[in-house]
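There are two complexes below, and they share chain A, which is joined by chain B in the first and by chain C in the second.
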Partner chain A sequence: MIKIKKLLTNVVTSRTSFLISLLLFIIIILSFSSPYFLSISNLLEITQFGAVLAIVALGEALIILSGNEGIDLSVGAILSLSGVLFGLAINNGFSMGAAIIITILSGILLGCINGILIAYIGIPPLIGTLGTMYIYSSLALYLTGGTPISGFPQYFRILGQKNTFGIPNQVLFVAIPIFIFTYFIIKRTSFGRKVYLVGTNDVAARLATINTPKVRMALYAYSGFLASIASIIMCSWLMTARADVGNGLELQAVTVSVLGGINIKGGEGNLSGVMLAVLIITITSSGLQIANVNSIWQLAILGFILIFAVLLNQYIVDKKVA
Partner chain B sequence: MSNITLELKNISKSFGGVKALKNIDLKVKDGEVLAIVGENGAGKSTLMKIIAGALQPNEGSILYKGETVTFNTPLEAMNKGISIVYQEPNIFGDMSVLENLFIGSEMIDKSGTIDWDKMYKEAIEALKLVKLSEEIISKRMNELSIGTQQLVLIARGIFKKCKILILDEPTSILSHAETETLFSIIEDLREKGVSILYISHRLKEIIEISDNIVVLRDGQITENLKPEEASEDRIITAMSGREVNMDTYRDRDLSEAPILIDVKGLSSLKYFEDVSFNIKRGQILGMYGLVGSGRSEVARTIFGDLKKDNGDIYFEGQKIDIRSPKEAVSKKIFYVPEDRGVQGLFGLHSVQYNMSASFIDIFCNKLSVIDKNKEENTIENNIDKYSIKTNNMKSKITSLSGGSQQKVLFCRWLLEEPKLLILDEPTRGIDVKTKAEIHNYIMDLAANGVSVLLISSDLPEVLMLSDVVVTMRQGKITGCINREDLSEELVLKLSVGLND
Partner chain C sequence: MSKKFKKLCTLVLAVSLILTSLAGCTKDKAEETSGNDAKKKIAFIPQLIGIPYFTAMEEGGQKAAADLGVEFIYSGATTASAPEQSKIMDSLIRQKVDAISISVLDSSSINPIIEKAKEAGIKVYTSDSDSPTSEREIYVAQAMDKDLGYTLIDRLALQLGNQGKIGVVSGESTATNLNLWIDYMKERISSEYPNMEILDVRYTQGGSSESALKQAQELMTKHSDINAIIAVASSTIPGVAQAVQQAGKAGQVAVIGYGSPQTVKPFIESGVMEESILWNAFDLGYLTVWAGQQLVEGKEFLPENEVPGLDYKVKYLKDEKTLLLGPPLVINKDNVDDYDF
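After this line comes the complex of A and B, so read on.
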């Protein structure tokens, strides 16, 4: 009995093993609700719905990790705007390669604007990125005039709608490599170390000669870069570019970051936790759809999972410390 | 008249094994102005905090109006009539004077809402006590000068049946006119039978206004003087006389050593002005001054963390202009900051992360990938070399003792070899043994040709290690003393502004 208790405590205190358990638990529950749910092919298929969120959430998680109330509310708007620019570029006769480069550069530029406002001018992140969120969204709407842009070449479907070895292409060729790259940067390079230090104690980091504005600037730029990559996937998936496609994505990204164990005050957390949180949220939403739960309730259930998971975790950690 | 309001019996207080107060006996009479003097760390503030309920003694008892009392919070003491006004005004700048006067003790009418009219009337009375006009009642605190803010806080402290008022260095930020006002307020209070405990470094003032002067040294009362018999020299003598262990100092011949850094007329208008000194290669320059005299700001300016307004810095004979800590480090000027928790530690992280924070790039390859083995070996060696007590390098820094934490921060800046090492309060709040070890490391560094700027409020430490001592007071250098002429009394005198 004590052994089981100990095991349980361990599971809940280590965020990663807790998230894995939660994921398994959700898969088991959902598999009761529908016979189609629990198959490898279905589970792999589901991951396509998580690719965009996973990519955007990596940027969001890093920004929260870098502390000083860091948050990026404009990721959804950057995704929309750079997707629109991508569609316009294709429709104006640019080659696929050129259009991709334009899109990525615009994403980086939009992220840099956030970075300058926050890291160099000193606007609080919540306000700064809220402002750019509105501006970027309006720009996207203006450029499309409110009508979705189509006219992508047929082969472009490959990225967002096709599989390789049963794994959706956008997961296998984009989300996973980006995760590995980002994970490596954060775990193994001096830049990654600096992100953690800056997020823990800004003053101490500055006195330890870390260029704190530069670190934050780089992260906002990276977040913009990731949002633009995600926008290309989104365009390929929908085969249209829409000005409202990123709406609400920023809050989902914050949600999975926090659920994944990133300390909202910065300095602490693990990117693999964030990826597990993306899986949990994605699988729950599609599982509920398969189980025919009224879609009205889907967001509420996500809310419950978030609050319950964080509370349980905090409760156990507090108890262990005390 | 001579009833005893407050009596302390055998009060002792320790912080983690360090005795801050030892067997203090003190009597305060009705309407007495009792001055308390002593150098930094003598225990003045600790004693006042105990009386005001902000700290609890480990031993001894407090008799107030003849009864034994224990105050668990400053509010309890305040409700009984003991108020304290700290040196740094503790204000809510965006709120009005009225709101600040009643913070935590707002008056409530029958319906349970705040009774502004009643508070307004009382506030007028309170401000009268400190000779401030009622016009300022609705102003925001931030609009007032610091001196006026201090007077408002004094008003807050005294207007409610106050029996004892504690003033912690009230005049250090007051203008001359404001000081005069304060003295007449003190005079009024004395007549009303309010006792005043008055901490100050301004000895002239103290002799002028107090009925009794108590001198603290190393947590003990060394002298209890009447102002008639006290002179500034006599007080200084009583303050000094701490035991100084001179064994750590090693004689080195510095006569041939070249000047490493020459600071000329450095000013940062907000903090200090016209600061000049030089340090030779391998020399330890001690900088002593009371808290708030601008020492740390000088250090941070040299380190490029604060902007200078005027003056030049010559380093190895060349004029340099350092605009960021990074530029300072590239010149091999390193700085171990004053406040361990706020400016030094990365509390969420391990010993390893904390130690390698400043020089993480030296463990990296061209692609800035960290060579884990290289990093961990270096850290491991340093943990051994400086005998840092930790389970292993992955332990959280906050699980270590204060002394070990300080060693980690010290090591952080020794991963590369400094030319000038600025140490700001390197041993504050750490145990005696670790302190001695750190003193030895400092001596080792100097013997190896590293120049050290040692900023400390710990006078014995400054006396023990320094080849030269510079004293600072209110943002200015007041003296420069060579080791041959060094004495505790001289340093103290210069640091409180007595230069004859």
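After this line comes the complex of A and C, so read on.
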């Protein structure tokens, strides 16, 4: 009895092993619910739906990690707007390379605007990014006039619709390299340590001569950068730029960050947990779809999983205090 | 120790909650599929689920499936989202269904996945809302878009005595079919009714009622001499009708739109609306599943088709690859009680 309890406690306290168990558990349940679900190629291909969320969630997680109620609600709008700019650039005769550069620069710029509002002017992140979310979405709608933009060259679909070694290209060549890069920055550089310190204790960080506004500014810019990368994937997947593709993405990004173990108060959490959470959410929603579960239920199940994860987080926190 | 135990209990409880919720909603599905392995699977993806219109199509589809001996899968998202439609179609391809029909939200973004389904040997066709540029086999049309746009303006012109200022409240600005209907309305006005004029087209987020109410109020404030408001998306009708009612302008500002009988019934009864233009959604669902079966069995469509279960003949327009349900249905106080969607 005690042994089992110990084992359970262990699984539960290590976020990573908990998430892996949850993922396996979900895969097992889904395999029983539909004969078409469980196959290696299926599981690998399903990850294509997680690539955009994974990339955007990395930025979101870092911002939450940096504390001071940090949150970026504008990621979905940045994704929509930079995607629209990408579509417009292609349609106005820019080369693919030039269009990608324009898109990424605009993503960084939009992120910088968030950064200035929050880190330098001092607007609370929730309000600041809510405001820019509305502004960026309106701008995207204004630029398209509500009409989707198509007309991308055929070869462009390689990024979002084709596989290499059975793995979707956007996962293999974009999401995974970006994750490794971001993970390295956070774990192995002094900037990464600063992010955690700023997130844990803003005052202490400042006393340690860390330029906290600069750190936050960099994170918001990075989040914008990631959203613009994700927008290019989205354009290739749909072969269309739409002003509304990013709707709701910000909440999904917050959801996976929290589920992945990022403390909503900052300073605590691990990016690999966030990636596991993306896998959990993506595989769950795709698997439920394959099992023809009504989408109304799908939302409820995601809600259950999230609340469960937060309950667990509380449990871990209490345990650490005790 | 006891505190820890309590926490553990909470945890176990949470796990079992998820488990039961998962098991509960998948079990009956598994049973459904296991018995019907030999039946052809025909799927329909609506623009969103949980609204009477698409539920009526679902019911029509279910009836057809029972009559024709096929399995009908109705699978949609809770919000009208183009990327969600692509994801759902992807999951249907993985389930190896025989035919997929879809009410297209965005004709350009759905094309790649239609192509993918076709490569997988699945018959793909559109229903209710089309993507003419895609590789779909056919389009099951409720009525020609042109007829819908023209009919609405003609009926409105009758009410207004061929003259008046009109405001339009639509759904999302990105909805292909709504935009097309508005274009045809404008076309009809400019060619037939020189004394009628569309002042303004307003869009609503997700076609919500509250947002439609607000837009209609703004239209009446900005243009005090407005004579009519067209509520293009079915979901915007209640908001628009309420706005007119609240302003005490019932009878003074005409309200018309593409609303289902159940949606417009209270407003026809209270006199805010005289007529609504639509088609029989139940029959459309029925026809959709019938068409899927014909496609799966490799049967050709005739210029005029007898559809068992429908008491009228259905035209097939070969050049447009369109199966046409019929002319638009004009709903008024005489027939509003005949339909349950």
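Definition applied: the second predicted complex is superposed on the first by the 314 of 322 C-alpha atoms of A that agree within 3 Å, B and C clash if a C-alpha of one lies under 4 Å from a C-alpha of the other, contacts with A are read in each partner's own complex, and residues count from 1 in each chain.
Criterion: a residue touches a chain if its C-beta (ideal position, glycine included) is under 8 Å from a C-beta of that chain, and two chains touch if they have at least 3 such contacts.
Computed from a prediction, not measured in an experiment: that's the story for all the values here.
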- [ ] Quick one: on chain A, after the overlay, do chain B and chain C clash, or do they fit? Just give me the call.
- [x] fit
Open item on the list: Output check: A:92 vs chain B and chain C. Expected answer is one of first, second, both, neither. What do you get?
Closed with: neither
Open item on the list: Tell me the contact category for A:295 with respect to chain B and chain C: first, second, both or neither.
Closed with: second
TODO: Using the superposition on chain A described above, determine whether A:154 touches chain B (first), chain C (second), both, or neither.
DONE: neither
TODO: Identify the partner contact of A:190: answer first if only chain B is touched, second if only chain C is, both if each is, neither if none is.
DONE: first
- [ ] Give the angle at the C-alpha centre of chain A formed by the C-alpha centres of chain B and chain C in the superposed arrangement, rounded to the nearest 10 degrees.
- [x] 130
- [ ] Would you sort A:33 into first (chain B), second (chain C), both or neither based on which partner it touches?
- [x] second
Task: More chain A residues in contact [chain B versus chain C] - done: C
TODO: Report for A:200: first if it touches chain B alone, second if chain C alone, otherwise both or neither.
DONE: first
- [ ] Could you grab the smallest C-alpha gap between chain B and chain C in the overlay, to the nearest Å?
- [x] 21
Open item on the list: After overlaying the two complexes on chain A, where does the chain B footprint on chain A coincide with the chain C footprint?
Closed with: none
Open item on the list: Touching residues of chain A toward chain B in the complex: what are they?
Closed with: 188-191, 193-194, 196-197, 200-201, 203-211, 263, 267-268
Task: Touching residues (chain side chain C, partner chain A) in the complex - done: 3-4, 7-8, 10-11, 14-15, 17-19, 21-23, 25-26, 29-30, 33, 49-50, 73, 75-79, 81-83, 86-88, 90-91, 94-96, 106, 108-109, 111-112, 116, 172-174, 179, 203
Task: Footprint of chain C on chain A - complex, ascending - done: 5, 8-9, 12, 29, 32-37, 42, 49, 141, 144-150, 157, 161, 234, 237-240, 242-245, 247-248, 285-286, 289-297, 299-301, 304-305, 307-308, 311-312, 315, 318-319, 322
- [ ] Going by the contact rule at the top, pick out the chain B residues touching chain A in the complex.
- [x] 303, 305, 324-326, 328-329, 335, 337, 342-349, 353, 356-358, 360-361, 363-364, 367-370, 372, 412
